[in-house]
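The chains carry the letters A, B, C and D, assigned in the order they are written, with residues numbered from 1 in each.
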């Protein structure tokens, strides 16, 4: 019941990501998604009463809800370019595509993976949909940050998927992954600054000097 | 460049250690060694460790002179040079660590780390192209890696659900791999292949490769195509071994062949129309990955050993090529092959080694790649895959034509501008000679121990 | 698991020994010539040349003596590689680099086919040894044998420069230094013939007759095309290169007939044919080596002349070279009593006896081959009258030709070492033909029959004697009996002003009748332009005539441009857009998953 | 001994044959013309004259008359050796060899033509080699036919082969319609253009060889006509008759046909070649 609601909200926030037209909006949507991810893990940990899972969801809260969005916002503030995210595909069509991707991930879950119909598998569908949508963001958004966020969304989705179908990876692995995400974001920040300094924009669709 | 020299000594030590380790390992009859859960070493890891160590040493040796010239020509400040060596060490460290690791999550993180570290080395020059290349590299590879993570999760899922082994440690998973759910494993393997394959430069996920290779500093390009691709291949092989018992090797072989043929085809056509020397070499790496994959795909007919041999041969040969190309690029200040011609006159040693390296690369005797290439082809015929073998021969011929046409012009052509006779620094020459020893030596004879190692790897991969 | 280990590393049978001696016969004089040719070069160059030359020759020796497919292949490749290095030796010319690339790529394409054939053989034999292959070959399914034949034939033909795979030859031979081209054209392309003999007559025996027919047909085409192109060429070394194509054709007539008859179980006839083929092989090695050396000495002593339009009158400054060239030319245009005559004569005899001993269609085939051989002989004679006459006779057409000097001693020695055997192998046919015959019989195996070449033992020698005697008689008569009185005066110029070199008959003019008659194959075209200093007055008139290289224009260039266009299209797939690249990953993933789930 | 007699006889009678042909032609043309011994007189004259030699010739020029002559004689020898039993491979070998030997003479003739450096010489050699290279296949195949067919002496194939050989002979002995001995018009001459620089004894030698070559070809052709006993005095008489017949044919053709353009010659000779092929088919079938 509750879990259903949480997952629903998770998906909705993912769709919000799709229709976001400005970078700040995108970041906000991402934070929202992370929040629901946090809620989900919290629910799980309450259910299982395992300290490890509490630690994990604390990490989710700290990292994905607080730190990373802050970092992203800081980047947007630092590079004082226009806010526009630069959509290669407009929101309406993007939504359609997102729907299609969601359906695809449904097919994937039940035909390819052959999972049994259950709340867990529904959650898995949601996570796959989120992953593919994150992917779609990377493909269809011009600005570098769009791609970064897309990747982070995929990360979230995969985290969700892991905890859904396997009931959470080993604690140590989770920690390592979080650490990795953090490093990734930091390094990407550096590169975004470099790109902005050299190109005076962060529009990756204009970076096409290396061909063939 | 004191850092450089220190580096050389470090990596000489590493190489010596790896050789000694290999000898001990062989003396122990290739028995896998496992230490407190974190470290697991079998012949496969030893083989890749050795390969990595060799190329890293050569690269460190080459870097000394290369960086000195960079600094002298004021392309690089001394501080930046120090930064270079730090990053270089970090990069090599991560790659050297990977073969030891037992925990798949750690392996995954190490691979991601190699991307993040080498991204700096790719974008080292802070000019538009290099930063663009670095950005593409970092993003595309991270996407791939993320898929790989999904693959790992699927493996973990089936091992925890069907085999009730809630662990990401490779050894444990292998022991339980018999009970994996084939349906899931199939999917998972695809994710792994696509994910790590992006990093290993399989077509059609190879697109980052030519950009990164052409923009990186030449020693790093050598490392990238010499070792990095191979290391990710190593990880893929690990998962294939996990999948063996549930879906059988034939399934992975099919996937390998698919990617192999794709890579061969892409490289074959792109090699013909290149203008940039280092891009050319990058595509030839794609081609060689394709060959290696064909070898692995023909595994049941003795292709795996050939593929692994090819891994080593290509690593050393391509390192040589990238280093000599690096010298040329430094001297001519361009990557464009129409602008740099007559290298053999302006830099005889470099030119000669590049020319010989070319023929080593396209697989002419008496150089080492000839043997492995021939072996792969023979196993293709042995398996009765006549159509595929014919296709391979044609695509190889295409690549051959492209490489010979371009590089022979670069090496022998008339110097466009009145190019003065350049001085070639000693460390580069030493690096060439060091690599040349392997290229020629393995062309003439494959040492028994090395062959045993490779064959035990083959047995391992086939799960015998 | 692949079994790379071979019990049979080397193989020495009469065939290999024959080829070894051919290699020695040509490469030693070339080496001697080279020492003179390279006089005044830098020590480094001398060193590299001699090292490469050594590698080249020894790799050929190893190919011939190889006892298993693997070492055959390895040394075959080595041979190609070293010869490539020797072709691009003077890389200062853009041309030689290009020629080298063409050569190497063509060879590699050929070798790819060869590889396929050898590996198929391996698959069935389970080992690379010739013995194992020979055993397995008998049991192989027919279509596989045919596949092996076709693939390997393409491979060998490419190396041997058989039409239409000859495309590399007229580029590589002229560009290489002459002492190299003499070995390449004299020996290397024969190594491919060795391969054919070894595989089709020895290893894959019994070969079906149609293999022989295929070889014969390719031989016929090479004869004609080679002769015609040779007549058209202006570059002296190009003429020689094309005439190599022609002579390879003649050799293939012999070899093909041998395969053909052994396929039809006529052992004796096959032996005769093979004998004729081998004889012409060694002959061609001799006189083509000689001719290339002579052209080399012309090239060096005139300061880099290769275009015959600029030569002429060289017999006066360099009489010795001229003499040797004349001997070579007489040999190659099959004039008695030199060696070319003997082998072509034997080939004719083979066709004759084939005609008498077989029936129906085969008769016609033989007559056709014989007539093609005759036509080729005529064309070759015309070609070499042109080559010698325009190069050495009449008046010099350029300053270089006037200032030419005679070759130095070791160059002369090199040429002499090839010129003498040209005569010996002609007049001494009576001693040599039986040896060849024994070799060919040992290759074919089967029962020993005495050869039925008519009067080979005596005739060439007799001709030599009678010619010499009559010549002497005439000379004496002229000199002492009739006591000819000679007045030296201008050439008859129809009473106009004195003739000079510009009014001479040029090589192009000499070839014109042939160019017109073979127009259907050569597709000649002319470019003419008026150079006018005003609208009314034409100050000069430029006129060029060219012939079209049919195979290049209508076979190779389309293929190459097709591949290139495809590659350019492929290039569009990588426009540098990161979004697209990420999409590729996703598409691959989806496709694979879909494929795996559905199938 | 007999052989030398034969050789001498044929050599001596060779100019006579040319003279007879010329006479025959003149008779047909209703002219008086020179006597049949005229060729001997010409040779005498030439041998008694002194030579004028171009100043830019090499030893090739001086040597070639001797070589031409000796090649002609050797060819004659080969023919005569072959003649006794021509229906086997042995005599085929000899006849082919004879062709090769004649080729030697032609080779040097052509070189000598180029040697003087006049444009006529070059033209002549070029055309000579051109014609001969197309004449050879036809000649070879007709010889082929002559030698393959057994003692049965198939008439049909012989006839065809004889026709082919006849055409070849017209070309080889440089007669109308291929060439014209009697003119020195620049555009038309082929054989004469080569000899333009020669004079005196050398020219005489070459002329003589020309007669002998003609004799050789006639002898070959004669074997096709009623190939019966060729031994003893009767044989000689028959031989004479045959030669007479051939002379007649040649003369008739020469007076009744116009000279062809150079490039028509190829068609002419390829026609001969075709006939020879047909002849060989017929011989294969044994008719």
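Criterion: contacts are C-beta pairs under 8 Å (C-beta built on N, C-alpha and C of every residue); 3 or more make two chains touch, one makes a residue touch a chain.
It should be emphasised that the depicted structure is a prediction, and the values quoted were computed from it without experimental measurement.
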{"item": "Number of hops, chain B to chain D, where each hop joins two touching chains", "value": "2"}
{"item": "Innermost chain, where centres are averages of C-alpha coordinates", "value": "C"}
{"item": "C-D or B-C, whichever has more C-beta pairs in contact", "value": "C-D"}
{"item": "Approximate Å spacing (C-alpha centroids) for the pair chain A, chain D", "value": "100"}
{"item": "Inter-centroid spacing, chain B versus chain A (mean Cα positions, whole Å)", "value": "32"}
{"item": "Cα-centroid distance, chain B relative to chain C, in whole angstrom", "value": "43"}
{"item": "For chain B, residues contacting two or more additional chains", "value": "135-136, 139, 143, 187, 211, 270, 273"}
{"item": "Residues of chain C touching at least two other chains", "value": "571, 574, 576, 578, 582, 593, 596"}
{"item": "For chain A, residues that touch 2 or more chains besides their own", "value": "112, 135, 138, 147, 204, 207, 209-210, 212"}
{"item": "Pairs of chains satisfying the touch condition", "value": "A-B, A-C, B-C, C-D"}
{"item": "Residues of chain B defined as touching chain A within the complex", "value": "103, 105-106, 109, 112-113, 116, 119, 123, 126-129, 131-136, 138-139, 142-143, 146, 149-150, 153-154, 156-157, 160-161, 166-168, 183-184, 187, 210-211, 214-215, 270, 273-274, 279"}
{"item": "Of all residues in chain A, those that touch chain B in their complex", "value": "112-114, 131, 135, 138, 144, 147, 151, 154-155, 158, 161-162, 165-167, 169-170, 172-173, 176-177, 179-180, 183-184, 187-188, 191, 194-195, 198-199, 204, 207, 209-210, 212"}
{"item": "Chain D-touching residues of chain C, taken from the complex the two chains share", "value": "312-313, 315-316, 322, 326, 330, 333-336, 341, 344-345, 348-349, 352-353, 355-356, 359-360, 363-364, 367-368, 370-372, 374-375, 377-379, 381-382, 385-386, 388-390, 392-395, 452-456, 459, 463, 466-467, 469-471, 473-475, 478, 482, 484-493, 499, 501, 503-506, 509-514, 516-517"}
{"item": "Footprint of chain C on chain A - complex, ascending", "value": "88, 104, 108, 111-112, 132, 135, 138-140, 147, 204-205, 207-212"}
{"item": "Complex contacts: residues of chain B adjacent to chain C", "value": "135-136, 139-140, 143-144, 147, 186-187, 190-191, 193-194, 198, 204-205, 207-208, 211, 255, 258, 266, 269-270, 272-273, 301-302, 306, 344, 359, 364-366, 370, 374-375, 377-382, 384, 386, 389-390, 393-394, 396-398, 400-401, 404-405, 408-409, 412-414"}
